[in-house]
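Order as written gives the chain letters A, B, C and D; numbering starts at 1 within each chain.
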Amino acid sequence: MVNIGLLGAGRIGMIHAASVGGVEDAQVAAVFDPDESAARTACDLTGAPSATVPEIMADPDVPAIIVATPTDLHADLVEQASMAGKVVFCEKPIDLDAGRVRACLKTVERMQTRLMIGFNRRFDPSFARVKAEIESGSVGEVEMIQITSRDPSPPPIDYLRRSGGIFRDMMIHDFDMVRFLFGEEITEVSATASVLIDPAIGDAGDYDTASATLRTASGRIAVITNSRRTAYGYDQRIEAHGSNGMVQADNHRTTSVSVSSTGGQIAALLKPFFLERYAQAYRREIETFCALAAGNDVPYPDGQDGLKALELADCALLSVKEERTVRCWNPD
Amino acid sequence: MVNIGLLGAGRIGMIHAASVGGVEDAQVAAVFDPDESAARTACDLTGAPSATVPEIMADPDVPAIIVATPTDLHADLVEQASMAGKVVFCEKPIDLDAGRVRACLKTVERMQTRLMIGFNRRFDPSFARVKAEIESGSVGEVEMIQITSRDPSPPPIDYLRRSGGIFRDMMIHDFDMVRFLFGEEITEVSATASVLIDPAIGDAGDYDTASATLRTASGRIAVITNSRRTAYGYDQRIEAHGSNGMVQADNHRTTSVSVSSTGGQIAALLKPFFLERYAQAYRREIETFCALAAGNDVPYPDGQDGLKALELADCALLSVKEERTVRCWNPD
Amino acid sequence: MVNIGLLGAGRIGMIHAASVGGVEDAQVAAVFDPDESAARTACDLTGAPSATVPEIMADPDVPAIIVATPTDLHADLVEQASMAGKVVFCEKPIDLDAGRVRACLKTVERMQTRLMIGFNRRFDPSFARVKAEIESGSVGEVEMIQITSRDPSPPPIDYLRRSGGIFRDMMIHDFDMVRFLFGEEITEVSATASVLIDPAIGDAGDYDTASATLRTASGRIAVITNSRRTAYGYDQRIEAHGSNGMVQADNHRTTSVSVSSTGGQIAALLKPFFLERYAQAYRREIETFCALAAGNDVPYPDGQDGLKALELADCALLSVKEERTVRCWNPD
Amino acid sequence: MVNIGLLGAGRIGMIHAASVGGVEDAQVAAVFDPDESAARTACDLTGAPSATVPEIMADPDVPAIIVATPTDLHADLVEQASMAGKVVFCEKPIDLDAGRVRACLKTVERMQTRLMIGFNRRFDPSFARVKAEIESGSVGEVEMIQITSRDPSPPPIDYLRRSGGIFRDMMIHDFDMVRFLFGEEITEVSATASVLIDPAIGDAGDYDTASATLRTASGRIAVITNSRRTAYGYDQRIEAHGSNGMVQADNHRTTSVSVSSTGGQIAALLKPFFLERYAQAYRREIETFCALAAGNDVPYPDGQDGLKALELADCALLSVKEERTVRCWNPD
């Protein structure tokens, strides 16, 4: 039985707690949240006691930690947990500042602990199938990837102000997906962005509509488009074009029902947003973390993956500002 | 908190137990299964104690019963539970003999208790959506229904021998669906059946491929096709044609992924069988039963629905044998 | 250059004339239509002279005849043309009376001439592809066929009165398709029919909604559904289920465009009716006839195919009237 | 009857000749091609005499000219025809050099004649439907367009050498489509290109895989992806995302047939290439030109459309070379 400490019992923390509950041989063993009511709800759900961060870090019976606090606490908690020798799951991003992320990852590296980043989409059965098809060679050498990612509606302006902007908050998932599917580092980024939905988003220094074009050293191209609004649900599609064919992940609908009438054939709406669309992904992600915490050797998105996606977001923003293609920082 | 007694802890019993676990304000409070190991597993899952049938029937703190035993015990247990004043959920069919079912339903009627039959497909979100579209009037007056229901592979011959045959075991779900969607009783049945997959099925006195055509008093027509084998997964489709349009429920696939290559575009396989395809339906069915057990007024398939679907199966079999259209027994 | 005599310059005659015009090495060489204006239009289109039936029958330079007159002239003209040694294309049906058809076919047989019946759907690229898939073995042994055929709206009552009824006028195409795809004769027919769209259709002694179930000697089953009305265009679909899979021909839409909005995803309407849906089929049918007329050995629907489809229509009507399964006349 | 002079009787010239043949009140009245055999074939098809360019230009009975010669003759012939007062249809591009195009357009402007450019895709029923949906307001204000355009295989290297490169030869159609759909000029272009299919394409100074991101003054974004190879046919898709929804034009398949088997559901291949995919577009384009030649007021892509698409191609190439966003020349 792997005991897991849960730091943060907000919406996403509760989802992870429920996922741990579905894993045999794993349980939430302690909960921390500064909000007492949130902490209590999580304790009720899991049957675990409430505890302080130092208590959890010091508890030798809790070898694994889930960090699901607000972003500004991520890096500190990851460092503490790593220094305590724990296996850590941290929601993305580790920090909005790439320098702070690098410092955090140095600690993790020095401590030789394992850090998994919450790029949940890698665990979506459809997207994982895209990856599997690519690895099986069924489409040959992948040459171009196209990702469409469109939210149903913009988050509150307050959220946007603290989010790091559309590239660091929203497109970061797509940057990670491109790296995951290509299996090759990005060397050039060119991006464009506009405010077309709500001027208040522009006033907050952000964009609501954006695209980015990525290129690898071998010349592969990825194109990402993002929008903060659709009329038709949560639009999440991937195409990977290879020398022998194309693999596509299409959208997921609420039902398989359509109505044909004088206006044509009307298919059901898409799943409304990420909680519904990625419900399986969240479960499988935590199953993977529990396997990791139990000492198994399973593939997972690590700290470097978190850092690189953030760096690509920074490159994209720079490209928008300077109207030029940006060569990526390359650690090698 | 509604306490529910679980009779039968086989595969479907365990699914229902898990579903009860997901319902707030409901719990499995006692488990009976003659197989000790099965009972123990169910007790472990639910935290409920093992008990005998008489104990459960006599327990005033258990107002609701789920009957998930082998079919030959259904009618007796329904009668006992009804006489004990309990709300009962019974897996279909109540009995393979329509006379026995009628006798059982008389008891239930006399006791004025509620009996819900496990026609889970009514609770599938896609099929429920078909019903809702019909009721909304979006396709006008429904004139014709087409149901395709094809299993991935035949069950063992031993199962078939005890099953009552393809019409009572498999097509019974489609008979219920036609009644559910039409909202009008069937008055004529004409059916055809063949043994095309495995001669052993014919040797057991059954068919593996069948179709039935149903007609209502107002002249509406329903066509059902069944097969015990597909190469491509579990094929479950419904079409309802009305005066203003058609509503369709299409199949459900394992992922939204397709591969386009020199051979065309290959979409993912269908969900393999009923446990995967109807996972949501099983959960929603038990949620409805728990609401019923809590005294709420919710629509549900009752004993008469169970009887009428069985009678249609009997008519279909008679139609095959006598090569003629069979007029249905009509209670009114 | 094959010279073709066109008998009948109505709507379908003009379509065939245009198709001949698109075939290299074939031309319409003479046109007959009692309506002078229709004849003149056809002459203008084709550049061919107008002529009487006896002139065309006697002309040794016209070895091939297209019969596109009203149905009641078909059998006589086929016989005359056959006795004149000509290759004949005749629109379906040869006659509404099976006895008259048999007599006509005896003449054709005695004269040893070739007679092609206008079952155009065999030449539709999608349906021909279904046939090719079956013959390739890609779905194994075919066990069940499902055909959905729904017109956008009923024809005028006057037309219906002379049409022979829904089974001989509309479902006859589907009977031929089942025989074409199975490659095995039908031995049993069971049918149901209703008047649900327009009581005037019932007053005319016809039905507007019908289904039929066919069975072969080896136990294969085919299910056909027909309706004289849809709200969504011309609904023409085929499924063939085999031991190794299923092949489907789906509907054809006017464009590949869809609109996704708050109501879901709306795909374009189906092609409106047979002229649009089967435009390619009509062309390919006449190409085949021209090849036949040029002495080539190509597969084609012949007089026996015309007769057998009509007999199945008669069986279906009898089944409706007598509420029983009808065993088919079998020549062998 | 409008008499049309055909200059150039190669593959595309013959397609246009056949299209003219299908237009009532229009005919090809004279054919020029330096290749005698090509000229003769066109004369046979159309019934028109062969003539020299000066003869056609001087013929007052030929008010309209189709220029379907090799590209290097386009500008000269357009100028001659314009000075002769004729209505001109010219295949794209007018010239590969934007300066030469501007000079040619000045002549056309001075002569006040009408010049239609062969952007056939505007006339494709599906793409025209996308335009119509946008104009109807069904998706609100359009904010983003995504175009996928992928050829089945690269043209011969010799062709590529004379083609002006992937942006001027292939993506030029997509540049025109973006302008057509946005109804607003592009102000910024950023492009990326690679050689991933065949190094010989790179040796010829061209690319085989490319993407471009366009932006309008109001901040709308368009993303285009091109590849010279697919394994699965001719991939031609458009999406326009608006404030109230999305309109998509999906690919066109050879048939509506799919096969479902143990590997999944296999849909038919896409139409192989542009002649099949855009057959209707070519016809409708020439119908529009004939209407124009007959003096009707119909919308059509004119010389400025031809110039602007070429300028966008030049901007894209510059963007690739200089790795920066290029601000477009703007005439206003």
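Basically, a contact is a pair of C-beta atoms (placed from the backbone, for glycine too) under 8 Å apart; a residue touches a chain by one contact, two chains touch by 3 or more.
Here the structure is a predicted model, which is why all the values come from computation and not from measurement.
A count of C-beta contacts for the chain pairs B-D and B-C puts B-C on top. With every chain reduced to the mean of its CA atoms, the largest distance from subunit A is reached by C. Chain centres here are Cα averages; for subunit B and subunit C they lie 42 Å apart. Here the CA centre of subunit B is 58 Å from the CA centre of subunit D. For subunit D, residues that reach two or more other chains under the stated contact definition are 139, 230-232, 244-246, 258, 260-262, 268. The touching residues of subunit D, counted against subunit C in their complex, run 125-126, 129-130, 133, 138-139, 244-252, 254-262, 268. Interface residues of subunit D, counted against subunit A in their complex, comprise 139-141, 143-144, 146, 148, 150, 188, 190, 192, 194-197, 209-211, 213, 215, 219-221, 223, 225, 227, 229-232, 235, 241, 243-246, 323-325. Subunit C contributes residues 230-232, 258, 260-270 to its touches with subunit A in the complex.
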